[in-house]
Amino acid sequence: MTREELQNSLPDLAPGATFEEGGEWLNMNVTAESWKAVSHALKFTAGFDFDYLFCLTCVDWKTHLTMVYHLTSTTHRHNMVVKIKLDRTKPEVETVCDTWRTAEFHEREVFELFGVVFLNHPDLRNLILPDVWDGFPLRKDYEDPINMIKL
Amino acid sequence: MDVNPKAPAPFPGEVIQTPGGGILVSRMDQVINWARSNSLWPLVFGTSCCAIEMMSTAAAKYDWSRFGFEVARATPRQADVIIIAGTIVNKMAPVLKRLYDQMAEPKYVIAMGACATSGGPFFYNTYSVVKGADHIIPVDVYIAGCPPRPEALIHAMLSLQEKIKSGMTREQIKMEKPEQSF
Amino acid sequence: MIEEVATTEQGDLVINIGPQHPATHGVLHLVITLNGETIKKVEPHLGYIHRSIEKMCESLSYRQFIYVTSRMDYLSSHINNHACAMLVEKGMQIEIPERAQYIRVIMDELTRIASHQLWWGAMGMDIGAFTPFFLAFREREMINSIMEETCGARLTMNYMVPGGVMADIHPNFCRTVKEFITHFKSKIDEYDTLLTGNVIFQNRMKGVGILSKEDAISFGCSGPVARASGVKCDIRKLYPYEVYDKVNFEEILATEGDSFARYNVRLLEMRESMRIIEQLIDNIPEGDIQAKTKAVLKLPKGEFYTRIETARGEFGIYVVSEGGTTPYRIKFRSPGFSNLSALDHMVRGQKLGDMVAIMGTLDLVIPDIDR
Amino acid sequence: MGPGSIIALMIAAIAFSGIAILISKLLLKPSNSVTKGEPYECGIPTIGPSWIQFSVGYYLFALIFLIFDVELIFLFPWAVVVKKLGWVAFVEIIIFLFILFMGFLYAHKKKALKWM
């Protein structure tokens, strides 16, 4: 499906979704609460089949955090980006690792580098950083005077 | 290089006289050091890109077994020299220290590449890199380069052999003068 | 649908295939719960080479961050640099000359062959045969000398710049590449007779570590690991970049999805890469090798995502730019990270010895996983 | 080949290993630390108890190997004198091997050799 068809057929799938202009692929903003149903629908409804989550990351916009999911379909070959706005103090979003198994590792990485809590993730622990680590390194306001030698 | 050089008159620092001892002991020490320096078994310890250059040195073209480095042992118990090939990160530091302690006694360390020498390209703006492996274990020979060429690694091994023969490695100095260990 | 997280009962032995282990090709720490010889659970602990590259790149300009990526997946360093250069070119709409495109694709394919050679040598050593290591490095040294002639470096060639390539190819570049191709054509048959035809090797690899197609997609695997399970995911075919659309080559697919299929896919990919190089090496067009670019590169405000097919899979760079000289946020989608997540699923119920074979066919490069 | 040569061989064997250990004892500068004494497991302290009950499969394999290893040891003296004894020794050894082969078949049928 091309980008316009996607844009027209998506609202009935995700009622509260808004779309952004610009960028290479269709950007869809979804609320954190509805993300569980939307992700399930995106993968299992016939026409979409977004079965390949190839990039899951988070961006810290100093006022809020944005979760970014890059999805593609191995059958229809169309791509899409889903974005979720989370507030900075208590970022929480539903896990998607039962729809896409690759999310298990990616979510653990975002959890330790950004502090986003993924609800009912089977094994949410530090994956890359040592088990005891204060602060979330990839946030913009992360200060580490001992290790970080600023240029 | 001769073993006990006479220090020039206005010598700022203090010269550590390597204890020569009698003819027999010094003769015996030199034979032992000569034997040790010609069969240094490296530990299989490659963390990142320099490990590939170390493997190229181990392969046929730059063949380090010409100098007695043939056997790369996987366990520290049977290894003589750790070649720190790659970046040492905060999470890896205790592991490296533990490996160094578990090595049998005449042990030497070569810090290969800019990362092991000083953190290299990851010196600025990184929260997890140890800026140089000598923060963790005493290093005998440093190699510059990112990654250093196999010839540079072989040159470092030869200078380590020279150091061992002349008894100037950190571990040997520490053994002779335990109270002055640094 | 998720396998229950296996707990460690009383009779289980928990061992560390730890950071310093010959089978992990780097500093990967696997905590394995064993019931006798069969594996119940594999839990990777990463971070032993996490150099905080994404935090560092937020303070590097668009010309500087290219060379950090060749320290991540150092076996396909050309291809990573190529992805960064493509990202900047797509962001700033720089059109690169035809000659630079040809040189880039040839260099990518040479790096892919070199990476698969090293993997083949390490694979042999994992299974216990020591000769493949020396054979593989003999050919790899030929590629290293070709690279050194043109780019001046053997492993981390900082050769790709935004706008084209840094220097023109060495006068006898074409001759040495052709010599290498003819030499390697006979040698790759030798690789087959040495390992592929060996019955012991086949028994160690066949039917071990099966990854079904749905699991490969669900785990986000890419590259030879996914193609061995039948997933069509070759970026050179799906989203052709540079001159890959002008070159005819096949995407190697297998269906069994076991270790032997992953092994064969890589060997056939080496042959495909040679075919690509042969089609390109004779007709590299004349012309300049670098497009005019401004001194200070500033990506316009917005997000960009480039994806490229490295030797291990799909390497993607996602940049959020605020229009400044340095990226606001950069995320490297590394193929090894997702391929590793499938290891636990593949290895359950297998023997401990088989796990080494499976990890060998995953072709993991640990700094690519930890970033 | 009197008893003297056997004693000489024994002394030489003991002396060979004894001297080697003695030399290293003399030259050794003892230097052991706590971490040096700990077991080496890829640079990480071991997790959980390593003194656990091993599964029975390992013991079965070890026992069966022991049986046939001892059987082989019996063949050595037999091989030395088979020339002198002629056919009688040969038939005798066939019976001996046949009995043990029956043992092997029994172990195979009982799936002792099947790795669990």
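For reference, chains read A, B, C and D in written order, and residue numbers begin at 1 within each chain.
Following the convention adopted for this analysis, a residue touches a chain if its C-beta (ideal position, glycine included) is under 8 Å from a C-beta of that chain, and two chains touch if they have at least 3 such contacts.
Being a predicted model, the structure only gives us computed values, none of them experimental.
**Q** Could you tell me the distance, in whole angstrom, between the mean C-alpha positions of chain A and chain D?
**A** 59
**Q** Averaging over Cα atoms per chain, report the distance between chain A and chain C in Å.
**A** Averaging C-alpha atoms per chain gives centres 25 Å apart.
**Q** Rounded to a whole Å, what is the gap between the Cα centroids of chain B and chain C?
**A** Chain B and chain C have C-alpha centres separated by 32 Å.
**Q** With chain centres taken as the means of their Cα atoms, state the distance from chain B to chain D in Å.
**A** Roughly 39 Å separates the two chain centres.
**Q** Give the residues of chain B that touch two or more other chains, as numbers and ranges in rising order.
**A** Within chain B, residues 91, 95, 99, 124-129 contact more than one other chain.
**Q** Could you check chain D for residues that touch two or more other chains and list them?
**A** 43-44
**Q** What are the residues of chain A that contact at least two other chains?
**A** 129-130, 137, 142, 151
**Q** Quick check of your reading of the touch definition: is the inter-chain graph here a line, ring, star, complete or other?
**A** other
**Q** Could you run through all the chain pairs that touch each other?
**A** A-B, A-C, B-C, B-D, C-D
**Q** Sort out for me which residues of chain B touch chain D in the complex.
**A** 32, 75-77, 95-99, 101-102, 105, 175
**Q** Help me check something: in the complex, which residues belonging to chain C touch chain A?
**A** Touch list, chain C to chain A: 1-2, 5, 44-47, 50, 52, 54-55, 59, 215, 217-220, 222, 231-233, 238, 302-305, 307, 314, 316, 318, 320, 328-329, 331, 333, 337-338, 340-342, 345, 370.
**Q** Any idea which chain A residues touch chain B in the complex?
**A** My answer: residues 129-130, 137, 142, 144, 147-151.
**Q** Can you tell me which positions in chain D touch chain B when the two form their complex?
**A** Listed in rising order, the residues of chain D that touch chain B are 27, 29, 31, 33, 35-36, 38, 40, 43-45.
**Q** Any idea which chain C residues touch chain D in the complex?
**A** Residue positions touching the partner: 8, 10-21, 29, 31, 35-38, 351.
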